[in-house]
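Take a look at the structures listed below.
Here come two complexes built around chain A, the first alongside chain B, the second alongside chain C.
And then the complex of A and B:
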């Protein structure tokens, strides 16, 4: 029987894979990341939940195509003119350039890559294990997050069921009105599922005030909040190309979060029943190690040669920069494909 | 009869009256075009443009326009400086980059190329009211109107214009001097070995992804 991997390994991999698409638009870096992610996704494609996310990927491809068209029509800049629309047309009037087309394509590529990373991790991640790994004070937040995250595949599955049922009744989707018999039951079913879930959570005491005061102090809560905020700001600074300040903030935030989320002795005495312990074995080491190598190279390149991630086709179209060590390191993102169940 | 009218001239020659007629027509055409050109010269309006880039280098443009007024953005675009702009619908257009300084369209849509700090620079538009009195244009480049004799300034700055005091005549002279043909610059050579290496790495990653994915698929099917 195949086992699911420790979610921490997947989260580290997701961070390493997402960084290039979040930071820049270098076509070589984007293509290398996309190929590696496609390899990992193909290898883990037999996971039961991967199929339910395919609609989201298709949607992302459509949005990427729209983004390409939008950029071509609204960005009137560049030295390679394709055509010119009359200037009196609002917004789209002006020159249409190859530069805008290239930038739109690269933005679309980044969008599809990020969606592929997110959906792959969402499909293979063991959410129950992830919840157990979080400190007790974040349980409410984690449960709400996991419920929200699980809503997408559930809605897609429900839509497929409703569509099959309506097709069995002879319904044919023609035009916008044809979707009414599909969307109304989908909305009703979604509301019903939400009520059932809310009742189930309520019955298990979700969100209730504890009978005894929480074992952690107000200072610890503030420290946890500050840690999370600092880590988020650090991630933003990393994305806008300020690696030194970002690393300092992320490290400070991690330390604050670790201290803030440390449980007191009384909390540690609360015993949790676990029927299946999380295992950290060779596959987890391989994925985490490979992702850590990729992350280290990315941060080093960001500090030494930040232009390696970037490419701007405005105002003139030129060859993008190439950083061979970075491209080679991105190949390590294929690590999950080596440890398939 | 008809002797005078049917006088024959040697082959290939024309009668003196026709020749004089052609000369008169040519003269009239010349006068008409000459007058038209001089009238057009008189009708044209002129405005000046000063651009201060990230390194503090100044560029000048002296732009002629037939309209009574144009927008500051049109003046910038007619200056032949490489400009990147992005539209914000009814709010008009924003200038993202001039001559290579600035940012791409996507980043420009978020923060107009300004960095995370409040003192980080971005392209700001100014108008010179009297020599040296540069004032920030509150309406933006799309809505600010340029008329004959106006002088616009663009500066990559966080606040102060840092633009020099100039008259329109001085700008015209500086722009003419800058417009002199610059020595031809050879385009940067492309390092094909580097790109071959990048292509090799991409092929290797793609092949690895394909083989590992297929192996996992076969294992799953088995």
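And then the complex of A and C:
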């Protein structure tokens, strides 16, 4: 196994790649993003965990297909009518249009693109390193988070084993109650594993503190809390279609959080150390640089031509706008393919 | 041994929270620095509790009431908890999966040192040292999920050693490993003990794995009882036969003194006996069944009893009729299978008849569990055909196959979910409406008669294993598939399971047994299939497959050679009471 990349590089790439699918439905932009992500994913496809996320991608494709069908059957709007279902049929009764089909397809495309971005990063990211990027004050939280992450594959394997065991007993999962024979052993087994893990952590000195960390000052607490709140509101604004305000808030919130959780000089008495120093080298520069270019172009386009991301097939179907600089910039998302392990 | 004490326990008693009975009572124990101590005894006798007293998990983590005094590395465990004691006591747990806390091997080794604030330079040096000590340098950057059980346990030992403890405590570290994985871990421990003088305290059921390496044996007979300790020969003379390895059982029977601790010493004793004119009985004329092919129940006679039952069952679930009177329970024809793009089994051909107990053996990853999953329909072959009573299982879903093939997974916790054992049986029965098995009789037969209203999670490990078996047997499947059924069981529990398997065999059930437990295979199976490289590399009676094998020979076979594989094979006369007792309980079935 070669060196894993600094997780910050992947996070910047993820942000740049996700933005188009989060804020618009322009088919050219979506397809360009999807192709770039598929290229990067194919180049990193040998990473051991990529295969384990295939099931999530398959699920996303299923959901996307359902979304297309749902939109086609329920939208009843647009100027290109394909067929008409009797109006007395609840919900699906009415005209079926190409417009609805196109909007459904674009929504599905955005969903699959986002899932591909998320699963690619989840597969290649070194989660332990990521959590260890948290400030030293949050070390215990970081370790607990990385330990919890390490339990995910065990839990997935346990669920598969339980499902098979109950199926072999003749049990088919039907309805909510049908999950009881699956979830009870999963929860009970999870508790047992957690108990054993807690014992193992205690036995290995987890939580031992050579020095007492100083308490948080009121200013630090307020700044950290404000930062987290701002970032959360920013995420909400992004979801409701206010990308510029969202980006400003997320950036401001992150800065406030970083300053608030920074250690004072006395806090450096905490002697916990790190075995694996995170290395920032050429591959990290390439991915981050390329993603930064994409982000800069995206923000610039948002400022001067926000319609470049958008496309609305209602009420009439028209050609989507084309923004060549944006499409060209999205090609930079292929940068991870240049630095494969 | 240096003679100094690594740990001293004085009158230690312990009771878990909300329990009335003591788990430990009045334990006085001195562990010499540099010694290799083995703790053994029945499941539930307090071995794990005693070990947890050494690093302060008892009582700091578990709560409860601790009496007496435990001094470890000079520190009173009442005043110093596991976080402090972790500098002096390394602890390795039974489950190789549950104790690794990071995703990468080198991160795992550094974890404890990071918690202690060891400088990075020192940390990197120590990581290199423990990688070399345990011979796992090639695993340095591997993801822990890709490691075998043996590799994981060696990583756990290395992680414990990285903090440079003076005592290493291990709670049944090899119970879930194949013989090679176990040997790799134990060999590493021996080296650490002999070359570095590390004090090792190890709980273990399978004494044959450790008795040549240990200096001291501590035996805990039952919960709350004092037990006794001393050098291995002295202690094993007084122990119950159920918990002794075959070599020592025979030695006690033959009156060999001193008791041999290695096969080499045992062979010397055999040579002395033979020189004196003694020979084990000839197997040619022997009527003993152990390891011998059991006469198969004639298919026609067996199905006379069952044909109607299963035809009705199959008709109910699939609308198709299965002619059990003319077909074998299992036929596997040129089957290949795998997952995640990897081929695990290739071109497997196999037939199984009623009344056969077929042991599937092979190293971890050889395809034993994959074969069981194929037979349950959970995994579909990439090539070939599997028939169940003549019906291609490709046409059946796993729930339908479950009507005929009962599968008991490695972990009984995967199966048990109800509030009581009675509800658990009722759940299976609801899916097997034609089963006529009587719940009370079944539970009594499994030794669980008094536990019908008990919550399955309150049972001991062995009881839970039998409860899982009961939850399957209540459906009366003619085919039984057991995956590592003796995992974590003590000798007494294994004897009960072996007796049950023989009973089921005599009723005409076909049983597949995926296991590493060579002694269990020798005493219960009628046929052994050895898997290797994705193929069947040997298929024959236990005598044919286990005899003379470099890795699968039983202790008896290593001692006497030929086709002798069980203690009963060489039993000649009742030399002692303990031997008669053992022979009656463990191996006399069917004689």
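In this text, the second predicted complex is superposed on the first by the 243 of 341 C-alpha atoms of A that agree within 3 Å, B and C clash if a C-alpha of one lies under 4 Å from a C-alpha of the other, contacts with A are read in each partner's own complex, and residues count from 1 in each chain.
Note that in this section a residue touches a chain if its C-beta (ideal position, glycine included) is under 8 Å from a C-beta of that chain, and two chains touch if they have at least 3 such contacts.
Only a predicted model underlies this, so the values are computations on that prediction, with no experimental measurement involved.
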Check your understanding: Is A:154 touching the first partner chain B, the second partner chain C, both, or neither of them?
Key -> second
Review point. Between chain B (first) and chain C (second), which, if any, makes contact with A:203: first, second, both or neither?
Key: second
Exercise for review: Would you sort A:107 into first (chain B), second (chain C), both or neither based on which partner it touches?
Suggested key: first
Check your understanding: Counting only touches as set out at the top, which of chain B and chain C does A:28 meet: first, second, both, neither?
Key -> first
Exercise for review: Please indicate which partner A:190 is in contact with in the superposed arrangement: first for chain B, second for chain C, both, or neither.
Suggested key: neither
Review point. After superposition on the shared chain, which partner residues are touched by A:171: those of chain B (first), chain C (second), both, or neither?
Key: second
Revision key, fill the gap. Both partners, chain B and chain C, contact chain A at residues none
Study note, to complete from the structure: Given the complex, residues on chain B that touch chain A span 82-87, 89, 96-97, 99-100, 103-106, 115-116, 190, 194-195, 197-198, 201-202, 204-206, 208-210, 212-217, 219-220
Exercise for review: Over in the complex, which chain A residues touch chain C? Could you list them?
Suggested key: 1, 48-49, 51, 127-128, 143, 146-147, 149-150, 153-154, 158, 161-162, 164-172, 180-181, 184-185, 188-189, 192-193, 196-208, 210, 271-277
Point to revise | chain C - residues contacting chain A, complex | key: 55, 57, 60-61, 81-84, 86-87, 89, 91, 93, 95, 97-104, 106-107, 110-120, 123-124, 127, 141-146, 159-160, 163, 340-341, 373, 376, 378, 398-399, 401-403, 405-407, 409, 411, 413-417, 427-428, 431-432, 457, 471-472, 475
Review point. For the complex, which residues does chain A have touching chain B?
Key: 25, 28, 31-32, 35-36, 38-46, 71, 74-79, 90-91, 100, 103, 107, 236-237, 240, 242, 312-316, 319, 322, 324, 327-328, 330-331, 334, 337-338, 340
